[in-house]
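There are two complexes below, and they share chain A, which is joined by chain B in the first and by chain C in the second.
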Partner chain A sequence: MHRMRQSQRFRRDEKAQAFTLEGITAALLILIVTYTLFESSVVVSPIWSEYGDIQLKQLGYDILRSLDVHRTNMNLSACPDTQNVTRNSLQYMLIQLNASNPQPNRDFLNALDAMLDPSIKKRVEVYWVNMSNNNTIESLTIINNTPIPDAVGVSRSIVLYPCEITPTSPFYGSVNDTALVVEVRMILWYV
Partner chain B sequence: MVSSKLKRKTPQKRKLNSFVDNESGQVLILFSLIMATLIASLSILHAQNLIAGVESSRAFLSFPKDEIRNLKMIARLDFQHLDRNAEEDVIEQIKLLHASKGTYVDFEIISDNHYRLVYSNSEVYFTESLHVEDEDIWLPSGGGGSSS
Partner chain C sequence: MKGNEENSVGKLSLDMLIGLSIFLFAFIFIAQFLPSVFADARSDISVFSEAYKVSVLLTEDPGRWINGANPSEKGFHWETEWYKDNISFRPGLAVVGEAGFINLNKLMEFKNVTITYCLSYDNDSWIRDVFGLTTPSNSYHVNISMLIPFSTSYRQYFSVNDSGVEIFAIGPPIPDRKVSRYERLVNLPKINDFYDRYSFTSPNPMNENITQTTLTFPIGGAIIYISNITQCTTTYWIKINVTLTNTTSGNTSTTEVFKLENDNCDPANVSAVTGYHSITRELNEGYCELYTNFTETYQESPDQTNVTLRIKNLNGFVELSRVGEIVGDRIVVKLVVTVWEGG
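Up next, the complex of A and B:
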């Protein structure tokens, strides 16, 4: 009788050990499954390329914003009054453009390059509405580089006053003695 | 030992054993249900974190705060130097330029120095009432104007 009870206790103990083992195995299994599940679906959020795009886009907007220096004053009798337009501003760059060879001025390029890291390449285009020609949208490439697919685009609209559109300007004839809105589009990408 | 073995195999004992087995089965089912709920809720939390991260960056990319500020700055700084006809021409040009990018933009002229800016695309609808000071304010030299 005593032996039987002993053996029963032993059996019960064995059963408990098996339960413990089972429990540990189950815990391990669940751990492995959970780990694999989360590990396989890991996405860094926000996605890295998107994160870089956001930063580049914000940088682009900030650059255009800081280059948009509104005229400090305007002498209408001496218009285009380039004395009162900052030379490294978008306004000055647009006023001085020549239809035969549209190139940005040196001061503007220096300011732009100073704000952009050398590892960032850029393309700058201008768009405007030709009101004399059935409101068609015309464009001109100011800085010509071929962007890669992973590029971001930013833009800013600038208002040019009638007298600032000189006969040598590419915008000449698009409007008849009225203000012209020029949209400067800048495409940025990392190289 | 032999007698006990025989005893164990009586139907009564077997019935008791099977009852015990059933009970542990129920406990197993209960625990597996708890575990399943736990894993499911954890994975929902995980997925929501991912979605929140991705969506907030998307929202940042798609909300055009700089473009809206640009439009407001044009209204504040340029409209006061233009007569009504030139103003309407500028609004028309802005409309066309933004339409080419899939955005509807309009300045509704409510009164002489009161406009209603509307900016709308597939993701954002924004509208704001703008009161433009009529006095001739040129900005101090070197300043780019305030963007608010």
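Up next, the complex of A and C:
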């Protein structure tokens, strides 16, 4: 009777060994999967993505600076020769805007695209203060793409002469005889 | 008696031994493996910082010099002092007070220093010393190049002057392994050596004026300036054609990449025609499309590229640059700093 009980217990223990083997196999499998996962994927840390943002933001500031053909003549009564403002500049792009359909000109877009990698998308907005209407802030979206949450924003202030603001301009009526400061905001992101 | 029987089996200890072994094995493995997973990112970040540092010092700072024998003698214009006795200097390329605008004298002297100290533009040893790229724990190589804005990380086109000489390319060739690259857009003054101007006039508004030139694509920048229309009652145009030829087989292909045409002087038309027009994109994209068509049609590559300007009843000029995009009185180029770890 005692031997019988003993042999039954041995059989139970043999089954238990099978479970141990399964455990070992499972542990090894988990190890292999973890190893493969770490080896085959790129670990992107938040710090690393911020470095990408730094490059993009820097590029944005560089582009706006490069396209800003600043003028040294600050005599506002003297109207600069608009014909000699290069068409791929921020100034010309703002001067040629039409209130009924505010679109950037071809030359400006070409210059922008030439300086930006094809993998970068952009949105461009302009902001200004309407001094004839209780100094309210007005804005226009001239390149309308929807940014992603990781997008970065850059901006530059451009001064327009009163004579450059024609009746068809969206800035018309915002100022009388003074210069108008327009903020050009560009939002960039990788696609 | 029963307790003795259970103790004599001892299988639980074996299970525990195996379990503990697996746990220890896994623990040691992960402890050793995890740091190496992040080592790559850590090293990338450290190399990236070096590329950023060099690019900022070059493009936003004019540099400094000081006379070791008389420390009151110091200033920004290292380019006129670096070769004198007792002078210590750190180079920068920016115009004083104008970050992002490159001083050409500083650029030329940077190249001269490289040749003087290293005997070759491919040797970056003095740059590594002066920008602190050699540390006790790490050593980095650096390549600094000026490229046309059309360039990307996988497609590099050097800015070259009228004689075909690279404007700025310092440092050893970029290796085919992990590197960090930092790009800046900088402005160069528009000097004669950086672009070609083709003036055109139409004294007889009925005649077409045709100018042809051989070009290397992609170009850095191109603009047309139309000053005025000779006669308002006659059709006026400017048309630009690109022609590719294989001089061995004689095969040729032509496409019109730009056209501006009208036949009256309505104020809106005049204002649309006169002034500066940027045509860089039209030329480069037209060339790329034509090149693809040529190779697909003839199963061979062209070896000659001609650009034809057809102008009628208009006066002005065309400017072509292999340095960079022409914006007003400046030329915009990419300054790319590439850094990688190495002995």
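We take it that the second predicted complex is superposed on the first by the 135 of 191 C-alpha atoms of A that agree within 3 Å, B and C clash if a C-alpha of one lies under 4 Å from a C-alpha of the other, contacts with A are read in each partner's own complex, and residues count from 1 in each chain.
Everything below uses one rule, namely that a contact is a pair of C-beta atoms (placed from the backbone, for glycine too) under 8 Å apart; a residue touches a chain by one contact, two chains touch by 3 or more.
Since we're looking at a predicted model, the values are computed, not measured.
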item	value
Partner chain in contact with A:Leu180 - chain B first, chain C second, else both or neither	first
Which of chain B and chain C A:Asp113 touches, first, second, both or neither	second
Contacts of A:Ile54 with chain B and chain C, given as first, second, both or neither	both
Chain B versus chain C as contact partner of A:Asn135, first or second or both or neither	first
First (chain B), second (chain C), both or neither touched by A:Leu31	second
Partner chain(s) touched by A:Ser66 [first = chain B, second = chain C, both, neither]	both
Chain B versus chain C as contact partner of A:Asn88, first or second or both or neither	second
Doubly contacted residues of chain A, that is, touched by chain B and again by chain C	34, 38, 43, 45, 47, 51, 54, 65-66, 69, 86
Complex contacts: residues of chain A adjacent to chain B	4, 30, 33-34, 37-38, 41, 43, 45-47, 50-51, 53-54, 57, 61, 64-66, 68-74, 86, 127-129, 131, 135, 137, 154-157, 159, 161-162, 175, 178-181, 183
Residue ranges of chain C touching chain A (in the complex, touch as defined)	5, 9, 11, 15, 18-19, 22, 26, 29-30, 33, 37-38, 40-41, 44-45, 48, 52, 100, 149-150, 152-153, 182-187, 223, 274-278, 280-282, 325-330, 332
Interface residues, chain B side, partner chain A - complex	1, 4, 35, 39, 42-43, 46-47, 49-50, 52-54, 56-58, 60-61, 66-67, 69-71, 73-74, 77-78, 81-82, 85-86, 89-90, 92-94, 96-97, 100-101, 138-145, 147
Partner chain C, residues of chain A touching it in the complex	6, 9, 13, 16-17, 20, 23-24, 27, 31, 34-35, 38, 43-45, 47-48, 51, 54-55, 58-59, 62-63, 65-67, 69, 83-89, 107, 110-111, 113-115, 117-118
